[in-house]
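The following blocks contain the structures, represented as structure tokens.
The same subunit A turns up in both complexes below, where it pairs with subunit B and then with subunit C.
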Partner chain A sequence: MVKKASLEKLFAALKHQGKTMFAPLLKNGKVLYDITDNFSEIASDYIQTTQSAKAVVFPRTEKLFNYTKEKEGVTIKDFDPQSVPETVLWGVRPCDAAGFAPLSAIFNWDYKDNLFNTRLKNTTVIGFSCNKADEYCFCTSVGGNPGSAAGSDILFTKLGDTEDYLAEIITEKGQAVVAIAPELFEPANDVEKEKYLANVPVKFNREEISKKLAAFFESDLWAEQSMRCLGCGACAYVCPTCACFDIQDESHGKNGTRVRCWDSCGLSMFTLHTSGHNPREVQSQRWRQRLLHKFSYMPDRLSVYGCTGCGCCSRACPVDMNILEHLISIQEIKK
Partner chain B sequence: MDELRNRAKELLESNTVQLIIGYEQGNGNKTRAVFIEKPDHVSKLIFDSRCIQNLAVYLTKAEVKKKGKPAIVAPVPVLRSIIQLAAENQLTNSSLVVLGITPDSKLIEFKKLEEIENFLEQFKIEIEARDKEILEKLDQMTPEERWKFWIDELSPCFKCYACRAACPLCYCTRCTVDDNQPQWVPVASHQLGNLEWHIMRAMHLAGRCTDCGACADACPIAIPLNLLTKKMMEDMKGYFGGYKPSLKSGNLMSTFKPDDKETFIH
Partner chain C sequence: MSEKNIYLPYLMKVEKITQEAPGVKTFKLKFVNDEDSSSFNFAAGQFGEYSVFGVGESTFCIASSPTRKGFIECTFRQVGKVTSALATCEEGSIIGFRGPYGNTFPIDQWKGKNLLYIAGGIALPPMRCVIWNTLDLRENFKDITIIYGARTVADLVYKPELEEWSNRPDVRLVTTVDPGGETPDWKGEIGFVPTVLEKIAPSSQNTVAIVCGPPIMIKLTFPVLEKLGFTDENIYTTLENRMKCGFGKCGRCNVGKYYVCKDGPVFTGKQLKELPDEY
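Right, the complex of A and B next:
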């Protein structure tokens, strides 16, 4: 158990240890993770952040290595794991923390991605359970819940209108945080945590949807659902599990940098071949890819679903493409 | 509303059009685009002050065009985009039926693009006072202060290109930023990449932007990126007499005039 006032002290203690502190900050009416030294800057009243926290472990633009062309051959200055700072992600919602598992599965599928793994290893996740939810939330339909500790190193749950927070220490990293300021933590008496959590009703059965989707590849459904989709990457870029990227070289004369940049299956160029052929030439095929990847291909290949029910994509979509609505309508198809 | 639905139904039943592009109720308090092909479905159509998405963006999409001739529900911002698209040879009189909606929510059907152009005469594009104030503040800043303002605003951009996708005038099937041989604009959404993208976007819209606001509305992280296009609009007033949607006047940045006051043109 910790008192509300102790949270600020804990934040300061972590900061004092030299950790890079990422927390949700309010900017232009949106809640975005950014580096801050100032606890009072942290947004408090938010259902979910606009963007997921994934950028901390999988930055939108990431330097893979530098290169210099020389008379004979090329010199490469590779990624240095030492350059990754010890980071604390503060204020992560359970549905966002749940994204680290599918991300890890993708980045360790066959090749073990040193950049991602180093960043994740150096990141401590301080989760905060949800006391409230909105109509976009559906964590309980995809294996999560508003008080789930999965993915967090410590999970705080606000106990109603009191000044008390239940602190669940989940991992060794969590214990290390407690060890920095043990005086801030006190033993919890019997606390009925569930009583304080948001009510998020189950809306569909994901296993059932997964099974159904495999047979829907050629359905008219995709065109019907995606006609209004504009084909931007907003849904993928706010998503806690979307991990597609594009490799680019930024060269300046003989020197250059190879960078990894976020990419999205919703963008028309994503699958464009050099020949000019595009196997996903219309938006409906791209929308189908998005749902099938999350609910069919990922569970098949990686034994993990690619959706945590955070609702970030639906809130961010400029044209009200609502993943929950579309999943429910798939569930309702009789077959 | 009934008038709109009835007319839409007639248009579909008589096969004058094969598709209605309009607004329907979305999730929660949202409204969204709807594409109606069956006369029985016209009851989905709604129109109220929440219907602010610029539907003209769908007129140039291949998937939509494939459905046949559309009728489009068009409040004033959509009408402006239609005229600009026609001026750029993306639409003709026979491409569509325009179900105009007046600011007091009355249906006004246009037979010809010229009628829309005339109708729009009474609705001059005015930058809102709130935005004007910000633009004036920006003007008064030192270059260093202005630089800081834009770096601060543009740095969260992750290049989802929702601004591009939502803009009716960004209809190129291949955008300059997607070219990589040569690569004109960095793909990465770092400081330089973001700055170049937003400046390029604004420049490509100079003299074409109708100030509908779709780009800024679409931005998932609420970057006030249409301040750049608004600034262009304000600057143009002084140099070229301002922008209004017109079928004939041509685009500011792509019009050749032998008597241009700039000497480089000769």
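Right, the complex of A and C next:
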């Protein structure tokens, strides 16, 4: 158990340890993760951040290595794991924390991505359970819940209108945080955490949907569902599990950097061949890829689903394409 | 983390440049660091990411045979940003290479069989690796037939090697150009690859067919092979889809749940029929 006033002290203690503190901040009407030293800046009244927290472990643009071109050749300066700061992600919702498992699966299923792994290793996740939800939330339909500790190192749950927070210490990293300021933590007695959590009704059965989708490749469904999709890719950028990326060079004279940057299967050029041929030439095929990847290919190949039910994509969509509605309509198809 | 950065390329020196056809060049590449050269291994069918520092990476198969050590070769057509930058490289230039990635042709399973190679246009380079690999282990295989077609005589790549193969008694080479693509002194066939294949009608008895070409050629060649009695299990092809990483993470080369970079690029005719139309 932790008192509300102690949270600020814990934040300050972590900061004092030299950790880079990321927390949700209210900026221009959006709640976004950013670096802050100031506890009072942290947003408190929101359902979910606009963007997921994935940028901390999988930056929007990330240096893979630097190079210098000289007359005699090319010198490469490798990515330095030591350069990755010890980071604390403060205030992560359970659906966002649940995204680290599918990301880890993608970055490690065969070749091990040491850039991602180093960032994840250096990140401590302080989760906060959800006391409220909105119509976009569906964590309970995809294996999560508003008080799920999966992916968090410590999970705080606000206990109603009291000044108390239940603190669940999940991992060794979480214990290390407690060890910094053990005096802030008190023993908790018989707290019924569930009664303080948001109510998120189960809307569909993901295993059933997954099974169905495997036979839906050639369905009219995709065109119907994606009729209004603009192909802007916003859904992928806000998603806690989307990991598709591009690799580009940025050069300044003889020096340069090879970077990877977020990409999206929703963008028309994502799969375009140099010849002009495009295996996914219309938007419905790209929408199909998005749903099948998350609900069929990933569970099949990586034994993990690519959706945590956070609803970020639906809230961010400029034409209000709601993934939950589409999943429910797939569930309802009689077959 | 002790693991190395999987995005780090080998530094390669462009040892030799051959102009194969208009806009098509072959680079012979040597590892700048000797340790890289001696530890590097690959097998026929695999590909890599070739890069011009400051411009970016591009995906091609390794066009040389793993039986020839100490270097690799790649053949590319100048089309996009990276291939255009590659085309401006000179002998001595340093470029990057990551690889090898992907699966391989199962040449061990082909021992004692006849091999029928069918390639169209710029698809001979991805097949050249396995052709030389099997020619360098010639005693392991029975008859080797190569059918190669290009749009015009000028577009035929590896002309000195075509000459060499046509002079070898242990290789049957059939070259063809599309109607209208011939020159007055052209001695080869005139016609599209599937038509020529039907005409020369190689036996399917104890034979594997390896087909590589543009999608339209593949589509028209498969029915001819079927007519000749080839089963889907005895047909191999190598697919190409746009790629960035080469190892199953960047998310763009998948055909349904299969990744061309991990499950391919080599697929059997049987696998190809089971794949959704997404390549």
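In this section, the second predicted complex is superposed on the first by the 332 of 335 C-alpha atoms of A that agree within 3 Å, B and C clash if a C-alpha of one lies under 4 Å from a C-alpha of the other, contacts with A are read in each partner's own complex, and residues count from 1 in each chain.
Heads up, the rule we're going with is that contacts are C-beta pairs under 8 Å (C-beta built on N, C-alpha and C of every residue); 3 or more make two chains touch, one makes a residue touch a chain.
Computed from a predicted model, the values in this text were never measured in an experiment.
**Student:** Quick check on the superposed pair: does A:A198 touch subunit B, subunit C, both, or neither? Answer first, second, both or neither.
**Tutor:** Once the two structures are laid over each other on A, A:A198 reaches no partner at all.
**Student:** Is A:A12 in contact with subunit B, with subunit C, with both, or with neither (first, second, both, neither)?
**Tutor:** A:A12 contacts neither subunit B nor subunit C.
**Student:** Once the shared chain is lined up, is A:M1 touching subunit B (first), subunit C (second), both, or neither of them?
**Tutor:** neither
**Student:** Go through the superposed model and pick first if A:V282 touches only subunit B, second if only subunit C, both, or neither.
**Tutor:** first
**Student:** Mind working out whether A:Y297 is in touch with subunit B, subunit C, both or neither, as first, second, both or neither?
**Tutor:** After superposing on A, A:Y297 lies in contact with subunit C but is clear of subunit B.
**Student:** Which partner chains sit in contact with A:E325 here, subunit B, subunit C, both or neither? Use first/second/both/neither.
**Tutor:** first
**Student:** Identify the partner contact of A:F245: answer first if only subunit B is touched, second if only subunit C is, both if each is, neither if none is.
**Tutor:** In the superposed model, A:F245 contacts subunit C only, not subunit B.
**Student:** Can A:T50 be said to touch subunit B (first), subunit C (second), both, or neither?
**Tutor:** Once the two structures are laid over each other on A, A:T50 reaches subunit B alone.
**Student:** Check the residue A:A105 against both partner chains and state whether it touches subunit B (first), subunit C (second), both, or neither.
**Tutor:** So A:A105 meets neither subunit B nor subunit C here.
**Student:** Across the two complexes, find the residues of subunit A that touch subunit B and also touch subunit C.
**Tutor:** Residues 246, 248 of subunit A touch both subunit B and subunit C.
**Student:** In the complex, go through subunit C and note every residue touching subunit A.
**Tutor:** That would be residues 1, 3-9, 11, 32, 51-57, 79-80, 83, 94, 96, 214-215, 240-242, 244-245, 247-257, 262, 276, 278-279 of subunit C.
**Student:** Any idea which subunit B residues touch subunit A in the complex?
**Tutor:** Against subunit A, the touching part of subunit B is residues 26-28, 30-35, 53, 57-58, 62-64, 156, 158-162, 164-166, 173-174, 178, 180, 183, 186-190, 193, 217-224.
**Student:** Which positions of subunit A touch subunit B when the two form their complex?
**Tutor:** It comes out as residues 27-30, 32, 34, 50-51, 55, 60-61, 135-136, 223, 227-228, 230-234, 236-238, 246, 248, 250, 259, 261-262, 264, 267-269, 282-284, 314, 316-320, 322, 325.
**Student:** Spell out the residues on subunit A that touch subunit C in their complex, using ranges where they run on.
**Tutor:** Those in contact with subunit C are residues 64-65, 67, 69, 73-74, 76, 78-79, 81, 106-107, 109-115, 117-118, 121, 217-218, 243-249, 251, 256, 258, 260, 263, 265, 270-275, 277, 279-280, 285, 289, 292-293, 296-297, 300-301.
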